[in-house]
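What follows is a pair of complexes built around chain A, which joins chain B in one and chain C in the other.
Presenting the complex of A and B:
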């Protein structure tokens, strides 16, 4: 049962465009998928290393802007009369550059802020996101500022000369999101189930003990930050080339909060948690929309978050796992090696 | 030179309210170890209260200021009693998540009640500015500065010369020992959160007539308060006071001589620089309250 479930799940996701022809729902699924990928990347930091990054949207936005700018080209003047002209690259190359730049930002933030922890780390990450947002808003020559970057080209994949496919429309983009999501999931899974993942969990659970055993704190935390930022940047690239217009509002704090809610609700520190949380909070707005104004929706989210922390502090996935095990009368160690069973 | 002295005066006027915001936040962090995301909401709450009592209900401006302060204290006490009391002993991330939830509820409730359109508060102070040589400053700004300074002094006095203040300082230094000595930690927590919230609400009420009142006005204010707290060192009241003025100077000079678009970025850049070189804040030696 446990073994076949993921395959059934993947098969189900692959089949969706075959029977779901409603464009609106496909759009919801694509954006849900993109946000679920960001939630997965946040979970790597929040769940497995225990660092609450509240500037995560910065990596998403940097990925989106870099990818968009690389594929649109730009012409800017910088200090001292220098001028940088960039000819447009293919969207896929832009996507790769976006991941790279987001990962570099992750490296810088990781290096900088793992010297400082807890409250300081949270505030550094928020500050970083806010600075990036202000740059996107004010560096009009590069980013168009509040006028937004538009006409971002969609992805074109294929092999030059043999076969090419431009991802117009919903269905190809749905599969693109699914593919990136699958790659991200496998990457995170391999990482946290490896020696590196155990080192991260050890650091989260008891840092003095872990360091006394020779685990290099900064190295592992920076590695987690880089991978996490890179994945968030990939999600940003997907978003930019799917929506095809981005403005500085994609850096708003509320998007980070959405990711945090997804991770906390689903269950941080579990591999399935962000997926469950992402799907719940991707679909929930659609269901709430007819009966609640946006403000009422956010109030419901806020109350939900407080209730989850009070009554289901480890999230939905661990709670269901416990229930399942007690029902089956099994007391074996969790199969999911990454489950730390720790407190929130 | 004239331009410089004008910038200095502007920064001084602004710094008072920044310090007020920072002190409230640093007290709450220092004593309760809570990263208070609702601080900005208490600030906008103060703004809306002054709007409600002056423009809607027609109360005297000065009386409305006091009402806003008192209501801020009450709202803070309610948040502490309903949410934070249950979380005593929980780790810092857990309380942070709850405070984020609370922030979302408060901000969107404001949006629902008042709508997204900014509200203007009319002050009774004379329109024409106070002119001193080449420098001119609005009477309202002077009034705001004086009230903020008085509130800061009152907070100092409370912390240093009252029994409650002594209990707060004791709790800050060693919670368990203070508790053994008969300090009621729950009461101290409630008082601290209420005081910090009251100060934020007062800052919002004071700045309501200077700027416009909007549901999201608290977001930037909260981030700036965090910046001030980090500059001064967590839990350090003097640090927060000086930090408030430093931030105001950095913003004013940055806006005046670099680019006004990046005015709000100054605080965040300062946070990053300070944490890079001196992560414990600029005044780290005084890791104590008062």
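Presenting the complex of A and C:
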């Protein structure tokens, strides 16, 4: 049951475009998928190292802008009459550069703030998001500011000369998001189930004990920040080349809040948590839209979240796992994978 | 005051160490050494500075003055994890495990120093990562078995009964491959039979050639297991020597008078 469930899920997700022809709903699934990837990346930090990044959208936005700019090209003047001219790169190259730059930002933020951590990390990440938003807004020559970056090229995959496919439209982008999501999930899964992931969890749970065992706090927290930021950057790249227009509103605080809600309600520190939370809070707004005004939607969101946090403080996934275990009459978790809650 | 000067076999040397907390002098001018393979106990009444001394040696506290050396390397400026990587592994006075992890995972975390796979190797799931993981898991079972808590492997660390939790702490510390093991009151709160089996375990640990620095109030254990004892009072060494001598030492007896009544 446990082993086949993930494959059933993947099969189901692969089949969606075959029977779902509603373009609007497919669009919702794509954006939900992109947001779920950011939630997965946030979970690596929040759930496994215990560090709350309240500027997580910054890594997403940096990935989006970098990827867009790298594939659009730019020509900017910097001090002293110098000019930087960049010829457009293929979108896929831009995507990779976006991941890299977002990862570097994660590295810098991590190095800067993990000496003191926790509250300090929260503040540094919030400030970082605000700073990049202001840069995106005001460096008009590079980013077009509030006018937005338009006509971002879609992805083209394949081997030049042999076979190429440009991802126009919803279905190919759906599969692109699914592929990146799957890679991100496998990556995070391998990481958290490894010695490296154990070190992160150890630091979260009992830092003095962890350090007394030779675990270097800064090293593993920075590592988590880099991977987390890189994955968020990948989600940003997907977003930029799918929506094909991005503006500084991409850095709005509310997006970070949405990610946190996804992780916390789904179950932080579990591998399936952000997937469950991401799907619920990606689809919920769509269901509410015909019924409620945006303000009312936010209230319903809030109430729903408070209910979950109140009744299932550890989130949906751990609650379901507990229920499942008690139903099966298992009192002791299996040794393998018990910590991260199963295989999914 | 009796004092053995640190012989040539000294592995750990604490040289004129003082620790001040604001106006409070927790340790003043402390000098002693540990020899290879020795079990040295640090005793003294509550607040004497024993835990502080352990914190200084393991990098959790910087001494105000003085120097700590392990096998020639100065420890003063090192962080706790760097000290641990030199083979000095400590336990904590207040029970300290990874409560939300299984006993088995606790020991796996402890084995951190045995692994070396990088981030890339791990995310690419290279065969050598899998081999390393397998080796770590085998080693974890050996340690659980050695300490005698293998039957609790699947339980959460925080859900263990107190006595077993204290054993788990030692298992986790042993997993970190110590050459010098520092124990802070490992049997406090244990009943007589738990203490007796802990003493047996400590005997087995010593047979592996580990050097041990023991902080303990249980005088029966200290007197029967130590090679040498350093007695502290108000942050000062008041006596140092073999158990028989310490038991007779008038200063030690005076320091413990009144104290003994409280903790009997």
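One rule holds for everything that comes next: the second predicted complex is superposed on the first by the 334 of 344 C-alpha atoms of A that agree within 3 Å, B and C clash if a C-alpha of one lies under 4 Å from a C-alpha of the other, contacts with A are read in each partner's own complex, and residues count from 1 in each chain.
Everything below uses one rule, namely that a contact is a pair of C-beta atoms (placed from the backbone, for glycine too) under 8 Å apart; a residue touches a chain by one contact, two chains touch by 3 or more.
Here the structure is a predicted model, which means the values were calculated and not measured.
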| item | value |
| --- | --- |
| First (chain B), second (chain C), both or neither touched by A:187 | second |
| Greater residue coverage of chain A in the superposed arrangement, chain B or chain C | B |
| Touched partner set for A:212, first chain B, second chain C, both or neither | second |
| Partner chain(s) touched by A:235 [first = chain B, second = chain C, both, neither] | neither |
| Which of chain B and chain C A:222 touches, first, second, both or neither | neither |
| Touched partner set for A:303, first chain B, second chain C, both or neither | first |
| Touching partner for A:201 - first (chain B), second (chain C), both, neither | second |
| In the complex, chain C residues that touch chain A | 58, 60, 79-81, 84-85, 89-90, 92, 96-102, 104-105, 108-113, 115, 117, 119, 122-123, 125, 129, 132-133, 136, 153-155, 172-173, 175-176 |
| Interface residues, chain A side, partner chain C - complex | 187, 190-191, 194-196, 198-199, 201-202, 205-206, 208-217, 223, 227, 332-335, 338-339 |
| Chain B contact footprint on chain A (complex, rising order) | 50, 52, 112-113, 115-116, 118-120, 122-124, 126-128, 130-131, 134-135, 137-138, 253, 257, 260, 264, 293, 295-296, 298-299, 301-306, 309-310, 313, 343-344 |
| Chain B residues within the chain A interface of the complex | 29, 35, 83, 86, 90-94, 96-98, 100-105, 107-109, 111-112, 219, 223, 226-227, 230, 234, 259, 261-262, 264-265, 267-269, 271-272, 275-276, 279 |
